[in-house]
Amino acid sequence: MQVFPTAEHSRFSHSLGTYEIARYIIETVDTVKNALSEEEQVTLLCAALLHDVGHGPFSHAFELIHPIHHEEYTCKIILEDSEVNQVLKQISPDFPSKVASVINKTHPNGILSQLISSQIDADRIDYLLRDAFFTGTPYGYIDVKRLIRIMSVKDNQIVFKESGIANLENFVMGRYHMYRTVYYHPASTCYEVIVTNLINRFFELLATGYKFKGDYCLLLPFGSRKSISAAEYTDLDEYSIYYYARLMSREDDPILKDLSIRFLNRKLLKTVLVKNALEANYYKDLVIKEGYNPSYYFYSVKPNQIIYKNYGMNDKANINILMRDGSIKELSEVSAIMAALINADLSSRDDTIVIYI
Amino acid sequence: MQVFPTAEHSRFSHSLGTYEIARYIIETVDTVKNALSEEEQVTLLCAALLHDVGHGPFSHAFELIHPIHHEEYTCKIILEDSEVNQVLKQISPDFPSKVASVINKTHPNGILSQLISSQIDADRIDYLLRDAFFTGTPYGYIDVKRLIRIMSVKDNQIVFKESGIANLENFVMGRYHMYRTVYYHPASTCYEVIVTNLINRFFELLATGYKFKGDYCLLLPFGSRKSISAAEYTDLDEYSIYYYARLMSREDDPILKDLSIRFLNRKLLKTVLVKNALEANYYKDLVIKEGYNPSYYFYSVKPNQIIYKNYGMNDKANINILMRDGSIKELSEVSAIMAALINADLSSRDDTIVIYI
Amino acid sequence: MQVFPTAEHSRFSHSLGTYEIARYIIETVDTVKNALSEEEQVTLLCAALLHDVGHGPFSHAFELIHPIHHEEYTCKIILEDSEVNQVLKQISPDFPSKVASVINKTHPNGILSQLISSQIDADRIDYLLRDAFFTGTPYGYIDVKRLIRIMSVKDNQIVFKESGIANLENFVMGRYHMYRTVYYHPASTCYEVIVTNLINRFFELLATGYKFKGDYCLLLPFGSRKSISAAEYTDLDEYSIYYYARLMSREDDPILKDLSIRFLNRKLLKTVLVKNALEANYYKDLVIKEGYNPSYYFYSVKPNQIIYKNYGMNDKANINILMRDGSIKELSEVSAIMAALINADLSSRDDTIVIYI
Amino acid sequence: MQVFPTAEHSRFSHSLGTYEIARYIIETVDTVKNALSEEEQVTLLCAALLHDVGHGPFSHAFELIHPIHHEEYTCKIILEDSEVNQVLKQISPDFPSKVASVINKTHPNGILSQLISSQIDADRIDYLLRDAFFTGTPYGYIDVKRLIRIMSVKDNQIVFKESGIANLENFVMGRYHMYRTVYYHPASTCYEVIVTNLINRFFELLATGYKFKGDYCLLLPFGSRKSISAAEYTDLDEYSIYYYARLMSREDDPILKDLSIRFLNRKLLKTVLVKNALEANYYKDLVIKEGYNPSYYFYSVKPNQIIYKNYGMNDKANINILMRDGSIKELSEVSAIMAALINADLSSRDDTIVIYI
């Protein structure tokens, strides 16, 4: 949202959206509805609503620092003594564990997990649409109603009708373009690097017994790296990180101060696109020569372009096509363009993003 | 944004938008361009970008508590030793004061203020479009390009060509509907009441020497109600308020605790629409009978529907129409529907919103 | 479509759209569904699909020439031995007459006619949306899903819930603006005048025994003004009129030739807006002085602005509001802006459109 | 438009659109503006407006029947004594021939033809956007402003900046999907087959001296297959074909009668997708066995998927990329997904469309 100023939609609205997509699938696709018991339908809707509840602040950045699997925390929040847990228990004592089993993919009816976390699911559909709308890019503009209308269930798994292959291609290409133009936008990457390094620096100083002026009560538990309770975890939201960044901008440590001011005032580091690791190293050397610590002021990444995969014969994670003759094939077996996308070494021509002082 | 979950666009993107509308007016409307010197054009653009910089957190709520005029703080930030001020001074030493004079309407060329703060200006155009887009309501859907194309300058003021009266009617009606359905949505009103009362409660406790557990360093200066510096003012952003609300939810005072939890977890008070003050009092009595303090748990408001006015002969704040014969008339003199809107006692049929425990 | 080049949507797609709106109302609004027997639901859908089937080519223009009520022909086509009639009879022998009774408002269940032809119905909703989309104007941009969601049935008539008054206001204002900016666009009016006068001229010449070069076989029956069969009526579509216009451009009569060339090549007459009938007469005199026949080269019209009415106590054609207390009120009794719209003499400030050589 | 009922936008609005795209390119892209003299700019705009003026009715169908190259007729209309020619001559006597030279690609400044007919040009941009909008499919939803902003001129040819590769990929994929889902929709194909065969049948009967009841004056010249004048050509528009179809539905020849009724009343033939020519033959045999003439009642086609090509080193028709280092590369050399698209045998997996009685 620092790069696309209008892209400020929260995880909250994404959760509502994922719920609505899941609800619409059940309402519209009879084969899905019939493949789920009434309890499973409610379980699916709750899992859709809660699937991201365990995400930390600036989640990708944060996961780099604190070894937390967000799905694990999602389950923790659902299962531990939280408000969420209390509401779910009103359905039945074991309802929270049923919802959690969709998140960690152990629910006996595999269709539930497929609808929440597979290669085309309520989660991915919502965030493609949402990101496209709020960033104003045309790449994720898909015909969601038709995409859902071609869904079906066959052999106890989600399949898509052959007549809708173009919709599936469009969905995958939309994701491909969103990754390249939005998620891997150099400025977005740079902003993530700054947050990550800022918090890293804070924990570094904490570990060495640095005397901070400010009170960072909600962040401290994460520094000591012991086990974090669900409550501690949810208390530390992005608002807290912003607030702490403001306190950090008043500390004396020059790196903490500099990175926090960059974070608060959108003062990005420089970014450049290079062709390979060798060229990237040139910038690392430059950072060192200028007297900066490359742990905080240098970063390079080659965008990861794998956004769709054929996992091989009969894998549940595949995008499966229900052919007119009743057989099931994997998408790339029937779409030439998807086969091309899979087989091409997409990254071969892509640039490496370098962030440096 | 608590009521319309996708309406999370910030003041930052609104500032960029206001700038862009102002820029587009200069680019597109020759008479406006010619009525502004080159320096005035830059002045206008800077004023557009900065017009809201003095807004506090939850600004309407905050203004109720701390007697701050946000335009005054906008000027303060522009004129005092801020980063904004330093950048502006690079144009010329007196450039900040020129920008500030557009904000406080003392710039010698009245057209600049008209383009930023009149009844149809870059500010109002942007936020009508922005709110319509992000809330998903159809009410503010206006043809902005045509609205700007019918702008002109005559007798050193902004006028609109007679051929575009339908556009002006549509703009005014769009605002009318947005006020009724979004800005005065009972839940939005309720949320504002909760924030206002939460901060009020904090200051009440502070005044009585209450011992808080948390550290509220950025909020304290506002409690003592002395003069606030521009830096203190900008430091207290909405992130800080959210952070402090989390700390407040751990304090012992039951009102502070309750209101902060309501604020953090969207647990609104009840709302009801009533026909008059008498009916509203029924709910106030109820609150008292139930043992609650009505200062914190009761509120009633009759929505203010005046969104367009004829200020009388030749007033600069009027929406002026350039007739085909070259004369200038006020909008309601030439539009029957606008005359009706002005003359009708719009509020006579409107309900009073009551918020109560 | 001669003025708004993209507005080429046909009566066919409007018929599909009206059907879809009617279908969506039944699907979404339980009280409507419950107020209609299953047969009545099908009757409604067929009436929606067929409500415009009796419209002639350039219908408004054509009705001026040939004294045909298009609803009468719609019923004729439904009831006479047409393909439409045969399909409907497959439901039951008296099904065509049931469908026709919705069109001519004699069906015993008044709700059916209300949903097809009242002040807010499937027909008007579809064409407001359709015209807005295809002309690109923002005026008819309404939240159709919400407009339908606030529908209900009370006392055996369609009502709208009090909570949706803003939607109703928006709908009425949308129509008001579409009338002023699109339907009464001077160029649209001019084009209608040319078609009307072209066909009028043809019939004039026909009556005087003029020897035409071309073969106008489908148009001739209308010239003799005897009763027209449903088949003759539907055969004469707009394509035929265009084709005949091309033939007419090769006839010797100078008026027929000139008007047909104007029609084919979008060569409009001049248009001017004047304040009153006196000013209009100036142009009529000019036409005569220049030697033109004012029957063919002069026209003036004052746009008719009545697009919403309160028909008085309990009239079925009213837009009725279901109040929170269960009572029913007419829209203008509860909406100040609608009351203003009704009471204002809207046309008092409007210009007269003059078309002249 | 028989399949996508709202897709009724005419060649007229497409011509205006192509003009507007060309105009916007000149306005926005300085390098293009500077590469064109003022006269060349006007020439480009006129060529954009007129590029399709030589299209016959149901153009693709018609070209199959009458051996006409529509570009040849476009030039004929521009150069012969037409109204178009007279208007163009007002600029200068040789201006029509300059405009025509853009159409037939002989203008000395190659940039003009590149902007009207290359792989990404004003023509293709407009119809992708227009078809996407009017059919309601999401496939052609491109960011046209950005697509144009990345245009530039280098070495006297149109190039696209490396930073916009994702836009180019999106454009090419949009066309790919529109072809598959709209242009090669089985029902669209079927409709074209019916028109083609209807007119073919008419000419067959004409050649054998068949006595028609109706007067087909505008169509007859095409039957005798002699050279057609520009005036004869433009007179025969789609309205005429519709009108003649109505007359044909009253002739005695059963094939002419049947096909014309199918054409007028959207009664399509059957369509089926098969895997190869062998399977297609099954349906041809069926048609013969049922006693139908396969020339009129059978058709099979394998969709042609080549919508983008690398014409090899330095070809003007290539989509050329201006790299950050100033070099020029062909799109597929720098985009992995485009390379995949080109190298894949896209049609290998595609079905053959069969149309049969």
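By written order: A, B, C and D. Residues from 1 in each chain.
Just so it is clear, a residue touches a chain if its C-beta (ideal position, glycine included) is under 8 Å from a C-beta of that chain, and two chains touch if they have at least 3 such contacts.
Not measured: the values here are computed from a predicted model.
K.L.:
Considering only chains that satisfy the touch condition with chain A, which of them also satisfy it with chain B?
P.N.:
none
K.L.:
Mind checking chain C against chain D and telling me if their interface is mostly the same residue numbers on each side, over half, or mostly different?
P.N.:
Interface between chain C and chain D is built from largely the same residues.
K.L.:
Compute the distance, rounded to whole Å, between the mean C-alpha positions of chain B and chain C.
P.N.:
Using C-alpha averages as centres, the distance is 43 Å.
K.L.:
As a quick test, compute the distance in whole Å between the mean CA positions of chain B and chain D.
P.N.:
Between these chains, centre-to-centre, one finds 51 Å.
K.L.:
So how far apart, in whole Å, are chain C and chain D when each is placed at the average of its C-alpha atoms?
P.N.:
34
K.L.:
What are the residue numbers in chain B that touch two or more other chains?
P.N.:
Counting only residues that touch two or more other chains, chain B contributes none.
K.L.:
Classify the inter-chain contact topology: is it line, ring, star, complete, or other?
P.N.:
ring
K.L.:
Which chain pairs here would you call touching?
P.N.:
Those chain pairs satisfying the definition are A-B, A-D, B-C, C-D.
K.L.:
Give every residue of chain D touching chain C within the complex, in rising order.
P.N.:
Going through chain D, the ones touching chain C are 5-6, 8-10, 12-13, 16, 83, 134, 214-215, 217-218, 235, 237-240, 242-243, 246, 265.
K.L.:
So in the complex, which bits of chain B are touching chain C?
P.N.:
137-139, 141-143, 166, 169-170, 173, 176-177, 180-181, 273, 324, 334-337, 339-341, 343-350
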